[in-house]
Amino acid sequence: MAGTEVMRDLQSAATSHRGDRIFNRTITALAFTALAVLAGITVFLGAQAVPVFQTLGISYLTTTAWDLTTTPPQAGIFGMLYGSVLLSVIGLVIAIPAALLLAIFMVFLAPPALAKVLTNVVDLMAAIPSVIIGLWAFYILNPVAEEWEILLNQYLGFIPIFQNNSGNFLGTPFIAGFVLAIMMIPIITAVSREVLARTPPELINASESLGGSLWTMLRYVALPYGRGGIVGGIMLGLGRALGETIAIFFVLKIVFDTNWYQIIESGGGSVASLIVSKFGEASAGLEIQLLLAAGFFLFVLTLIVNVIANLIVSRTGRLQR
Amino acid sequence: MTTMLFDSEKIQSLRTQEPQHPWRRRTPKFTWSVALAVVIPALIAGYFLFATAIPDPIVIIIIYLPLQLLAAGVAAAVSKGKNGVADAFIYVLAIGGSIFSLVILISLIVTLFINGLKAVSVSFLTQNNFYISPSTSLEYGGVAHAVLGTLLIVFISMLVAIPVGIATAIYVTEVRGRAVPYVRFFVQAMSGVPSVVAGLFILTVLILTGAMGPSAFAGGLAYAILMLPTVARTAEEVLRLIPEDLRTGALALGSTRARTVLQVVLPAAKTGIVTAIVLGMARVVGETAPLVLVTGTSDATVYNPFNSPIAALPTYIFGNVAQPFPDAVTRAWGAALVLIIIVAILFVIARIIGRGKVK
Amino acid sequence: MSTAEFEKSIEGLEVELSDSRAGLPIEMDARDISVWFGKRKVLEGVSIPFPKKTVTALIGPSGCGKSTFIRTLNRLHELIPGAALAGEVLYEGKDIYSPDVDPTHIRLKIGMVFQKPNPFPSMTIRGNVLSGLKLSGMKRPNHDDIVEETLRAAGLWNEVKDRLNAAAGELSGGQQQRLVIARALAVQPHVLLMDEPCSALDPASTLKIEETIRELSKEITIIIVTHNMQQAVRVSDYTAFFLAAENEPGYVVEQGPTTDIFGNPRDQRTLDYVNGRFG
């Protein structure tokens, strides 16, 4: 019914080139919104970074401080940028093996029904808002992780990364990194699962017919074949981790003293969380500008990571098709 | 006469053959080694867990896991030869890795329900927080204002992101201008913008310039930035599935391109577009950082999207975590439960619609 | 085909329980093989002996279960979800489906070449030849010698000897197929299964592979599925003719020396098929 009406409508419609032109122009203009937003972020946040550099110079990026009561004020986000990277690395060290093993289990080992359930589980995990993960981490993960950290310190404390001088094991980069891992696992798993499931059956057949075992098939056939896609998935997860704000805010004690490697020592840095944690008290123009400038560098960092990730994912996608 | 013909009597007699799966038959040696490889490490770990004071994490990571790997390796070596050992390790590690992720998820869901249900009641779902302080007991106050705020903010973001997102998809699949690869690239890049940066952008443009104060409208615009890429990419995938015949058919009848898109292509893709919208909503509904920056919060129910700070579920949770008052924390759990249920409902809707579309 | 039709179709046919293969040493012996996918039976009562160091061709129209049958001979069949099987496949006198037999061991002894060339794209030519050693964990010394020897046996050495470290994907389809033959030979199989190895290739490549098959049969037992009757005549010593009525399981109509199957078939349907009257 509706179809015939549409057809009649179409027949009676006068061919209007002018209408088409307007339509095309409107659509084209709207399609460039994404570019406009990206440009807007660059310009507006970048503009706030200019006065910051005029006041503080390059030391804003190379030092770690946040003391606006002195004259001239001291502020530097190096420790925050470094902290964001450190937390992400900790997260990746946990998330990559967990996600790859989960993906391998789903594609090659689990019965199809279980694999389907796990696919939904992973999607569900990806959908949990970070504020809820932060809430859970603050009340449930913290005490458990604290126990692990004390044990790590007790038995492996001679290794520099497991040193702890303060006796406080909460608010550590390890816990924050663990929380990031929880957020990266579903992303990396979803991409890896898809890539591994696309291993051509004829290659798996070839491996089987040459006496290959599951391990050698993975090692020499499936993982090399899916490497590009998996790396892209990891980069996408990294992009998410670098920008994560709220959950980190709950579990990381932000200190303006670069924590280089003591991952179970209380205190660390994260650009994104810095913005939220300082925003409430920020009143004076300069402090807001400092935070906006921090946001600008966070934006640039995540943009680079995401562009590389997408290039890798789409390039391997093309090669394999 | 040297060829061999098929033997009808023999074939008839073979009709009684039953389908079998000989590869599923196990030698007793295999069955026993697997059983022992599962039971022995579990028993030893159980002993250390319950009968000694060694801390649980050490038992699991230093004692159980290596023991389980060793046992699986020995079982494989005995029953399958040395080539089976690596496979046994993968089995153990893959199952272990999956359990690790599952434990986290189950812990999340279970604690969310246990703690959240303590707060949820009729009053919790229908009242606002106007006369409530963090120390007020749980019988009073609720999240109704935050739910309304979330809905209002998401609604505003939909007003912006859906037309723009669909237009972007139409540009890529229907108008097919020269800039298609660039548009897709920008949309992809935009999907990586951290939510806190989206909030800062709206803060700079709207609030710091004095154009308006913290409000639902500002929050909606920040959400729109996050929602747009999801809607655009999903809608693009959906429009690609529309058969080319439909377009050429309409054009052949003298329709303009604009009418073809608006009256033929989009209606044909209706369910898919709805899926795109629902996924976009699910993407933003729990985002907290932008709201902290641009909506402020409120204990009262706010209907005006332009002139007042407004509460939302994520900021409500944010404000109640780490409060020294147990009831405030329980409220946070309750709000988290309400939020996750909203997310779950959106996902189930998307799944149901999406399933219909594929068939 | 109903049972009545089935009875009719076999009426008056003489049955010989053995042929000229009776006295030869047998490498593999498929006995009463029936195959199911889910509830559907696709192959019924196939019994074929494969004498050592001979080539046996499996011919027949599409969909009669030849490829399915050949995959039961090295236990690749069981990897398909829903697959089931009855009967036994004897190799060195022992059923390869016996529970104490390791399928990877069987697949090493009974190599396979597939319809579509499937070299590993992430490996070099040399890497592909040696991939079976890595995948199976087999230890063999002198890799350079293995590469040269197997590529020569597959008739590819002269074309690739100067670019052994090039990616396998750079080779033509015919070269790729000879590469995967070399790859299969590198693990020293006793039997080589070939599932329509030339169907995706041009005539020149086909001819080269047929030469290779003839050469290889001096050393190993070869079983080849082919749609190409001339090919069966050119390369095989024995032939088995498969047939299936629509939606019925396939079976072997007639088998024996290739010269007899093509020159002097006893079943009318064999005669029709080898003369190209159907299929």
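When the chains are written out, they are named A, B and C in that same order, and each has its own residue count from 1.
Keep this in mind: a residue touches a chain if its C-beta (ideal position, glycine included) is under 8 Å from a C-beta of that chain, and two chains touch if they have at least 3 such contacts.
Just so it is clear, the model here is predicted, and its values are computed rather than measured.
S.K.: Which pair wins on C-beta contacts, A-C or B-C?
M.R.: Top pair by contacting C-beta pairs is B-C.
S.K.: Considering only mean CA positions as chain centres, point out the chain farthest from chain A.
M.R.: C
S.K.: Starting from the mean Cα coordinates of chain A and chain B, work out the distance between those two points in Å.
M.R.: 15
S.K.: In whole angstrom, how far does the Cα centroid of chain A sit from the Cα centroid of chain C?
M.R.: Spacing between the chain centres: roughly 50 Å.
S.K.: Between chain B and chain C, what's the gap in Å when you average each chain's C-alpha atoms?
M.R.: The answer is 48 Å.
S.K.: Please output the residue numbers of chain B that touch at least 2 other chains, ranges allowed.
M.R.: 83
S.K.: Indicate the residues of chain A shared as contacts by at least two other chains.
M.R.: Where chain A meets two or more other chains at a single residue, that happens at 213, 216.
S.K.: Do you know which chain C residues sit against two or more other chains?
M.R.: Only 104, 136-137 qualify.
S.K.: Inside the complex, what are the residues of chain C that reach chain B?
M.R.: 6-7, 10, 13-20, 32, 34, 36, 41, 44-45, 75, 78, 83-87, 97-100, 102-104, 136-137, 251-257, 260-261, 264-267
S.K.: Per the contact definition, I'd like the list of chain A residues that touch chain B in the complex.
M.R.: 2, 6-7, 9-11, 13, 15-17, 19-20, 22-24, 26-28, 30-35, 37-38, 40-41, 44-45, 48, 97-102, 104-106, 109-110, 118, 121-125, 127-136, 138-140, 147-148, 151, 155, 182, 185, 189, 213-216, 218, 236, 239, 242-246, 250, 272, 275-276, 279, 288, 291-292, 295, 298-299, 302-303, 305-307, 309-310
S.K.: Going by the contact rule set out above, which residues of chain B touch chain A in the complex?
M.R.: So the residues of chain B in touch with chain A come to 55, 57-58, 83-84, 86-87, 89-91, 93-98, 100-102, 104-105, 107-108, 111-112, 115, 163-164, 167-168, 170-172, 174-175, 177, 179, 182-183, 185-198, 200-201, 203-205, 208, 225, 228-229, 232, 250, 253-261, 263-264, 267, 282, 285-289, 292-293, 314, 317-318, 321-322, 329, 332-333, 336, 339-340, 343-344, 347.
S.K.: Under the stated contact criterion, what part of chain A meets chain C in this complex?
M.R.: It is residues 112, 200, 202-203, 205-213, 216-217, 220-221, 224-225, 227 of chain A that touch chain C.
S.K.: For the complex, which residues does chain C have touching chain A?
M.R.: Residue list for chain C touching chain A: 74, 76, 79, 81, 104-105, 107-108, 111-112, 114, 116, 118-123, 131-132, 134-138, 180, 183-184, 187.
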